[in-house]
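Look at the two complexes coming up: chain A is in both, with chain B in one and chain C in the other.
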Partner chain A sequence: MPSPGKPMTETVSAAVFSHPRWRFWPGMLIALSFLVLVLAGLVSLLQAAGSLDPSNVLGNRYLRGVVTFTVWQALLSVLMSLGLALPIALALARHSRFPGRSALLRLMELSLVLPTIVAVSGIIVVYGRQGWFTSAVSAWLPDHGWNLYGLNGILLAHVFFNAPLAARILLQALESVPEPRLRIAAQLGLQSVWLWRAVQWPALKPVLPGVIALVFTLCFTSFAIIMTLGGGPSATTLEVAIYQSLRFEMDFSQAAILALIQLAICASLWWLAFRCRADTGLLPTSARTPHLQVPGWPGQTLINGALVGLFSAFLLAPLVATTARGLPALFSPEGLAAIQNQLLPATGRSLLIAVPAGLGSVVIALLTLAAARQSEGRWHSGLPVVTGYLPLIIPPLVLGTGLFILLRPSPGTPSEGWVLVSLINSLMAVPFVLQVLRGPFLSVDAHTLRQADQLGILGWHRWRWIFWPLLRRPMALGLAYGITLSMGDFGVIAIFGSPGQPTLPVLLYQQLGSYRVESAAGTALWLLALLLIIFAGLSGLTRPKGVFRTIQRRSPYA
Partner chain B sequence: MRFPAFAGFLLAALPAVGAAQPSAVLNVYTHPSFAAEWGPGPAVKQAFEDQCDCIVNYTVLESGGDILQRLRLEGEGTGADVVLGLDTGTMETARQTGLLGQHERNLDNLNLPIEWTDEVFVPYDWGYFAFVYDTEQLPEPPTSFEALLNAPDDLKIIIQDPRTSTPGLGLLLWMHSVYGDQAGAKWRQLEDHILATTQSWSDGYYSLFMNGEAPMILSYSTSPAYHMAIDKTDRYQAVAFEEGHYLQVEVAALVKTSDKPELARRFLDFMLTPAFQQHIPLKNVMYPAIDLGDNLPPVFERLITPEKVLYMDPAEVAAKRRSLVDEWLNALTR
Partner chain C sequence: MLEIRQLSFCYPGQSSGWTFGFSVAPGECLAIQGPSGSGKSTLLGLIAGFLAPDRGEILWQGQAIHNLSPWQRPVTSVFQDHNLFEHLDVFTNIGLGLHPGMKLNPEQASAINQGLTRVGLEGFGQRRPGELSGGQRQRVALLRSILRRQLVLLLDEPLTGLDTQTRSTLYRMLTEEKARGVALVLASHDEEDRRVLADRHWNL
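Presenting the complex of A and B:
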């Protein structure tokens, strides 16, 4: 795997980065340094804690309840998110050309990166006690008993955040089904169950464990959603308990133990996911021909249409609510002044942190995948990818605090702080970028690579002619995830403390903390629009042009 | 792939963000509502810089708890000269770090509902925790805890979590001050009225209260001042509870290891002058710590005045906090 930007070390005749070690060491070094970073963070926290008494935590009824509830709600969220994501992905794979499809895909990408407070507020406007949905249901069914607050709300919000992400990844897997297999399926007239067993399941199987682990982890570490919609302390997750012990009780030892419990649960799940995946072969690849008819069952189009329509409404409603709330604020005289004085400068600062973070996360993800592939079959093959997922399961507060202890006593200048924030943000985005890039990256099969080796297509050329055409679109999506995740981040920047000039999320929280509810609604809308523009822009930029486009984008299910 | 070059360019541009600064810099750790553009921070900075021949530099942390946390983590290597934004709930823990120095100021002109004799912390504003209600949804709010507890089940309130939020902890102390050993049972009684327990005051105010999800939210008795003076609406009012209201005092202190103790003390002196305090009422939406006379905005005359001021000594708060949180947890997670 080439790492552009590094000095050329090979002889002039060979392409840059031709030596196989370039495919291995950069990714491996990143993985190792991140592992060291995490361990150092944890160890310094444990050291600061002094004594460690696990029985204190394990013997505590409250904390046991927290662990049980955390696992329980995460399991339910996974079930519901995937239960929705699967039919949506199948429907979208089957119907690859309908108006609004690409807008729906952008929408699906967006939901994950929405800052929690924006999404939750939108969800409340729709499903809350006074919400649109609730009023509509009440008109028809006066005794419906729907109540957002409690497990209902937690699951609803988790499905809102995670089902689109899962559907997006599953769709990508379905779209990478090799053409010969589809052709045979079409010729045999395979339908429903048989199509599922012969084509769809084999395509989904390799990505499914990863998706399950990803969604589980995201729900497991969920925090503000659970507290706002959970109703009370009986809905408390481990992450809340960690926050509590770190921020309020200054109990490093308890925080460290809870973090280790979280680490153990999530890591064992990921370990299982990797074991499952190890059994499945890599997806081969080949060019696809346009238009392959796979017959459906009667009424399928209708049902799929209704399903996709409802799903779109589900994703869109909270965003419409955010827009409806923010528009008047943004287009008032005061709002227009705010755009110039606060929003634009804050956007600049946010981009300054988010763009490098996004680029960093894509580069790290690519190097990680390359290193994993290069070391395939050896004991250390899992290492790069495993460390790629660590950011998901390490509570950011624990990592941040650990790093802080590690780095002291140098507080650094604000700009150093921002570089650090950017770096941590890019690491935090790596797991998502990895999910997006893994499939396409692995779709370059061993056979092609052997041929490339024989032909001497190495280093830069190998990257430019073999990987780039396949990866440009996923990379754009990965980059969009990286940038927008960093853009909406509030946690990391809050740990390290911001200088006087706020980024967009910090501005939003400042407004909220000062009763500026109207302005905050305007800022939320601004942030939402910006995230949308980033997704749409990056996806538009990398769309293949001309004839090529019709060939590549037409799904074989159509 | 021109990405790395572009990233390099962006990184190189980063230092330009932090402006160049002259020699004497007063580093103040504070929280967002103070440092925000429309908070008192910028005006205070300007006013102090006009007379001190120095630069005031704010480091903005998420909350009072985070200021304390940061201070503890940095220890004696901290770059802070002054911490501003701790309160009577976190004060004692901050004192126990041993990182704060005595203020040695004369606090005679303080105007607080209680007597203040602390040698480390200087108050800069104060307020009462109170339930703010929406007069359109709830024309006749309960006027005491007893009335709230006995109200019909469909009267819902929004509170904050005492494990993560200052007003949340305030309610815990309030209930404890009113009910003592009975607090646990009263919490169970209150449970049916709690629509949501949010992580922060902002979550509750923005996502729930302003969306009309519940007609009452735990906030400050001064909150209506903002709505009346800035939003020009009388719709949101605080309700006075017969049992009295719990007092919160926000404080600042100088850091022992500061190499500019004189400058830091000058700042603490400046904090109790009208030049600083005049920004408190409408920009921090709290009561000023000194008597502003006619400079107090007229809307403050229209706020509730509790019949009884409830207040626990910070040392007592520090000693009891954990057991009170446990009591609350046990009451609500049977």
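Presenting the complex of A and C:
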């Protein structure tokens, strides 16, 4: 053995980024920049709003109607989504092993990763006037009076997107019930009401305020669904009204007031949710299959089976429709020409925006987490992470509106607009990427860091040997999130984008708007396939062997 | 000589803390005794630089080291657990102790392999800590500390829960370190550890 006094260890001063300030300042500067960006956007909104007289809105019947309708459809969407999600989650929690369960969970994830505009095109094929479902119902009930456009379609689409999300989060809560509690419930033979009171409700209660706030915000700030299925002034939401004020009426003052109203409602809701100690992830992160069965009531298995079957069909139908319509459309002579003339250029533009947005969101999330850890215990410790979650409270369209007003008459060129879209998309993805990275990042615990400190594993070496092996996979997943959320964006791009140089979602919207249903189906399938390839390629790296990770959700701003 | 002079520390939010004062000569083992919560681990944390003292000094060979970062001190530690990076293999765990970027020269790589053989872990270099028993993990941790050739070795319950054979191996390794002039500071509840290793006792 070597003797002391003749050091075998190397000096560590050469490690790049060794100083602790590198763990703190980049994340803190990003947080501060984001705050400044948000404040600049809000100030420009306030300035544009002029005297900021809410009576202008309250006295305006149309705008009053818009606010009322926005809240109303969001409330109904929450009720319906949770009304469906709860029994589905309970059924899936009870039946932890049945053929197709994991496929259903995947399907639920798939519906979450779908860009809104793609799913809407599928929903139109199924539930539209000539849709599969509508035609089938018409054969039995000729006077059903169903019309997809309007509140019906909005609610249907919102439930399609949010019921699986809510069900996955509720299922995760149910699956996190401690095994001993399940054992006691099984031993006591608790059923129905008592099982609910003793086991299920205590597990669901902490996550419900967060789920409600999340679903409400997503429905409240819904844009693409309202644009495509809204059906005119009687079914318009604040987001669409803001968009119309900016793009068509050029009424910045009205856009500013509407944006501020939207911000006030979203912020109040999240404030309330946090007051209720909202304890929920934005994403279901992992599935643990419980092994213990508790007794059920007679016929429960049958009813649960029917429920799960119908729910699967509900999720599957628009996807099947998109594929069935899209394949012939893509491989027809016109379709092949469209690939070359429209889809490839639009894909290029989409990737040009989405890849930097995805990379940006991962880098921002990592630096945010590092800054939060480095400032732990100090007064500013919460700043980076709180700022990281700001996009949930400040809808992207509101931020976009503020920046639009701030920067006018620029951004003049499409490329300037794309840079802004990419930046906003990247910020908007940060809460979700943060959610993916936070657990693995925090798994590098105090013991590990203490060891690393003593061994002088600092700066670049610390990243290479401590963080990178643990974060490599989650980072790939976060990148997949960032890219897919941005690829599916049809909110911010609508403000800053140029109709003459559309991204894939914008192209799809244009095709839907001009009733080119076949072309739209082809574009939807193209976009869907592209997202799946990107996602499968990146998330394949993230899935540890034998562990089923649930992932993805739809864009919060599409 | 490791000297601790009027070193005081109080955790934030607590009304009372500790004040420590002792010295340990090279080649000597000082056993710190005291019940749980008496400040043994806190003391070792202060010497290692994981905690910052409120007042007082830590000197090594007359030079103040209490203002240095953990990696700048002539100190290495072995704890009861959490000594290894779980996601890295044994060889890398030890190698990172010799160069924080794993740029090992042939002499260092050879020293690691020889060390593994010596502690009965030949062929274990590619295994992860999760694949090792508690005793094997402690042998890896101690081997890393030894190969780092630091001058002060802090031991925080390093042998707790280990079987007799592993303890004997570790006793032998630690005794050899003492013989080579390393100052040992041992915090242990176990009377046998103290009897075999300690030259002096200090009660908290």
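The rule we apply is simple: the second predicted complex is superposed on the first by the 286 of 558 C-alpha atoms of A that agree within 3 Å, B and C clash if a C-alpha of one lies under 4 Å from a C-alpha of the other, contacts with A are read in each partner's own complex, and residues count from 1 in each chain.
Convention: a residue touches a chain if its C-beta (ideal position, glycine included) is under 8 Å from a C-beta of that chain, and two chains touch if they have at least 3 such contacts.
Treat the numbers as computed from the prediction; the structure is a model and nothing was measured.
**Student:** Can A:248 be said to touch chain B (first), chain C (second), both, or neither?
**Tutor:** first
**Student:** If we overlay the two complexes on their shared chain A, which of chain B and chain C does A:470 touch? Say first, second, both or neither.
**Tutor:** Only chain C is touched by A:470; chain B is not.
**Student:** Output check: A:458 vs chain B and chain C. Expected answer is one of first, second, both, neither. What do you get?
**Tutor:** In the superposition, A:458 contacts chain C only.
**Student:** Spot which of chain B and chain C makes contact with more residues of chain A, would you?
**Tutor:** When the residues of chain A touched by each partner are counted, B comes out ahead.
**Student:** Please indicate which partner A:232 is in contact with in the superposed arrangement: first for chain B, second for chain C, both, or neither.
**Tutor:** After superposing on A, A:232 lies in contact with chain B but is clear of chain C.
**Student:** One more residue to check, A:65. First (chain B), second (chain C), both or neither?
**Tutor:** A:65 sits against chain B, while chain C stays out of touch.
**Student:** For A:501 in the superposed arrangement: first (chain B), second (chain C), both or neither?
**Tutor:** First partner only.
**Student:** For chain A, which residues belong to both interfaces, chain B and chain C?
**Tutor:** Common interface on chain A, chain B vs chain C: 4-5.
**Student:** Can you list the residues on chain C that touch chain A in the complex?
**Tutor:** Counting only chain C, the residues touching chain A are 26, 48-50, 69-72, 75-77, 79, 82-85, 87-88, 92, 96-103, 107-108, 111, 115, 118, 146-151, 176-177, 180-182.
**Student:** List the residues on chain A that touch chain B in their complex, please.
**Tutor:** Answer in residue numbers: 4-5, 62, 65, 117, 120-121, 124-125, 128-130, 149, 223-224, 227-234, 236, 240, 243-244, 246-250, 341-342, 349, 352, 355-356, 359-360, 362-363, 401, 404-405, 408-411, 413-415, 418-419, 494, 497-502, 506, 509-517, 520.
**Student:** Provide the residue numbers of chain B that touch chain A in the complex, in ascending order.
**Tutor:** Going through chain B, the ones touching chain A are 1, 3-8, 10-11, 13-15, 17-18, 29, 31-33, 35-39, 41-42, 57-63, 65-66, 69-70, 72-79, 93, 156, 161, 163-164, 191, 194-199, 201-208, 210-214, 223, 226-227, 230, 283, 285, 322, 326, 328-330, 332-333.
**Student:** Show which residues of chain A lie in contact with chain C when the two form their complex.
**Tutor:** Chain A residues touching chain C: 1-10, 12, 15, 447-448, 450-458, 460-462, 464-466, 469-470.
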